[in-house]
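The first chain written gets the first letter, and so on, giving A, B and C; residue counts start at 1 in each chain.
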Amino acid sequence: MDYLIHILVLVCIFAVLTVSLDLLAGHMGSLSIAHAAFYGLGAYTSALIVTRIGAPFVIGVAAGTVVAAAISFIVSLPSLRLHDDYFVIATFGFQMILVSIFNNWMHVTRGPLGIPGIPQPVIFGWHISSHADFLILAFVFAAFAYFVVYRLTSSPFGRVLHAIREDEVFAQALGKNTLRFKVTAFAVSAALAAMAGSLYAHYITYIDPTSFTVMESILVISMVIIGGAGSTWGPLVGAVVLVTLPEALRFVGLPSNVAANLRQIFYGALLVVMMMFRPRGLAGRYSFGR
Amino acid sequence: MQFVVNGLVTGAAYALVALSFSVVFRVGRFFNFTHAAVFTWAGYFGYLCWTILGLSLWAGALLSVCLSAVLGVLLELSVYMPLHRRRASGVVLLLVSLGLYTIMQNTISMLFGDEIKRLSGNTVAEGLSVWGARATRIQLAIVIICVVVFVAFGILLRLSPFGTRLRAVADDPDLAAIQGVQVHRFRLAASALGSGLAAVVSLLMGLDVGITPTVGLNALMMGVVAVIAGGVDSTPGIFLGGILLGLAQHLGVWKIGTQWQDAIAFAVLILFLVLRPQGFFGKPLRKAAV
Amino acid sequence: MNAFRCQKLSKSFDGVHAIDGVTLEFPASGITAIIGPNGAGKTTLLNVLTGFLRPKAGRCFLGERETTHLPPHRIARLGVARTFQDLRLIGQVSVLDNVLVARPHQRGERLLPALLRFGVADEEACNRDEAMRWLRFVGLEKKAEDLAGEMSYGQQKLLTLAVCLATEARVLLLDEPVAGVHPEMVSRILCLLRELKKQGKAIVFIEHDMAAVRQVAESVIVMDEGKVIAQGQPAEVLERPEIMEAYVG
């Protein structure tokens, strides 16, 4: 039973990631390869603040989101002014660098050793320790992320994002400061990813750089694309399918390192197949990147 | 002085990666992640030829470069060409390459493991003294081959139809086709060239410092930064970009420590995106205009 | 008083002068046509005026305000709307949404109001009415819920006009508003242009259709090889033999 709940908690955490990435990739049409970096930024910020200073969980989460949103400007301001390729390049670079910082800033992140002993959350006296408690918390996080993204994309703000996705020149000609919209959406997306990171850190109680590599970014992208970018349910479908399906590999009894590789090969293959034969994803309406 | 020599060696390698990436990037017109995978595979081809099959240095190198070129052509033929024919957008191509990259990197991990593999025997690692600094023979070879390749490439661009065709396809494949360039065949040739070139660097760097399943991604990252710094369409710019990036990293290491090499690269990337997105010599590459 | 004024405006691509020292003044109301052969620099001029291209030299003014180095969205907010030759619309959303996105000063486009929805519903209702009003004006009110990309070419041209109008711009710059549409549609669009003139808008349009130019334009600017070669009333300018020669040649 705990195993099943554990899977559901992971689904919720990844749902936060896919929904927030979809705000960029699906609704605004800018693909970011740095989502795992912001996820990690949230995890590390929160873990460090809570373990070093003894701040409560809520402060950790808040700090993680603020830091991620602030740092997102370093990537978005220079690159979003340019052609889309440059945004991809800058996010890729940022992803590589952040992992290198997690790995090498020894006296803060402890490098590959990771940060152990991250306390479980206590929210206003509610000590969250059982798997079921975590599921509730993770569900609240996922619902919050979904609410934020849904609200934004169904508002006039989202209307402009869609216009930018389809034709940025059109939006500019109508007097929209497209850079402001793009930078804002990127910051919101980064902040939500960081939230997922904090939750992950306090759930697993241990983090190391391997959870936040470019492979993890690709995984989240795969989830969004396979589920269906820019649609109401697509990112959620993607998170559910890609978290649960590979769990089947667990029962085949492969050695764990081979299983991990096979799982990623499976994600990669699914992404390629989807892009070649069904670019709008399982539950999507828009063909991604026409 | 040691820093300058190390910087030059690293810079020469970066410049070569950047050149190979720029060929693939310009001809394919998308951010091709499988180029990183080809780079990695080339290193492991070398490992296979030298360490497992026991071939001589030259025979192994030749075979590995050929295999990598074939790999590049096969990828182009089986995946990218059908997509190009279907007029898939750059984002679709990028996502497919991301999926393929995942598959290819994890295949390597599964077959060879994640730990570092050394390619060099003792013969190539002998030290020499250059301007009072130590450099191995292989490091010297990197610098010499870099200069030779850049000169050869410059001549190729000037004196053969390759240069004009490259420019034509990079600007507008449809127009190039009308002007009589056989675009698909040209793309095959270019991916063979780009992949072969990547293989050369991969083997050289592998002989110098060894290989892991993620070398390709790191190399691609540095190549991309060098390309941005130099300007995609400028061969001397790319050379300069690579060398300066290598020097900046090693001088930075001298001042602040090894772990910040990647951060320096990212700082260079952001700096160029803000100040001079077209690179030293490149044509301005702004947002697609009206 | 003028709508747009530019002084010695130049722009070149790869050393070729697309526009070369253009000095012009557009009246603050009325209809002006820009004509000239392909490659004369008409669209480039429009792109420079609206900030999508940076001029190599020269200055542009809107009223007394200098707009030379403003980005496109800032110029648009000063009350300038434009259409594009290759109809730029959001094909995958509804006709109504295309017009709605054009409405200026929307609170709901800001992050917090979009999230919390304070007063956004009222504003949205108001913008919807306004958008429908312009759709009615161009005669597309029945199509409001259709996908913009699925309408006929002529209807899409009408929609681009409604989108421009919904921005409440004072100055409309239209790039070939009647090219490629059915003759009936042409007269309908020309009617709308006259109607808009009565409402006090300044309209500048690029057009190859000389009949249309004669019908609605009050003044004509002729461009060739990046330069203004003639300017004046259509009846007079279009009769000059050297003008027609430039066109044919």
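The working rule: a contact is a pair of C-beta atoms (placed from the backbone, for glycine too) under 8 Å apart; a residue touches a chain by one contact, two chains touch by 3 or more.
Owing to the predicted nature of the structure, the values given are computational and were not obtained by experimental measurement.
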Chain located farthest away, centre of chain C as origin (C-alpha): B
Most central chain, Cα average position: A
Centre-of-Cα separation between chain C and chain A, whole angstrom: 41
Centroid distance [mean C-alpha coordinates] between chain C and chain B, Å: 46
Centre-of-Cα separation between chain B and chain A, whole angstrom: 29
Multi-chain contact sites of chain B, meaning residues that touch two or more partners: 289-290
Shared-contact residues (touching 2 or more other chains) in chain A: 169
Shared interface positions of chain C, touching two or more other chains: 52, 84
Complex interface listing, chain A residues touching chain C: 148, 151-152, 155-160, 162-163, 166-167, 169-178, 181, 184, 188, 286
Interface residues, chain A side, partner chain B - complex: 29, 31, 33, 74-75, 77-79, 81-86, 88-90, 92-94, 96-97, 100-101, 103-106, 168-169, 214-215, 218, 221-222, 225, 257-258, 261-262, 264-265, 267-272, 275-276, 279, 288-290
Residue ranges of chain B touching chain A (in the complex, touch as defined): 30-31, 79, 82-83, 89-92, 94-96, 98-103, 105-107, 109-110, 114, 217-218, 221, 224-225, 228, 258-263, 265-266, 269-270, 273-274, 277, 285-290
Partner chain A, residues of chain C touching it in the complex: 50, 52, 71-74, 76-77, 81-82, 84, 88-93, 97, 100-102, 104, 106-111, 114-115, 117, 120, 124, 127, 163, 167
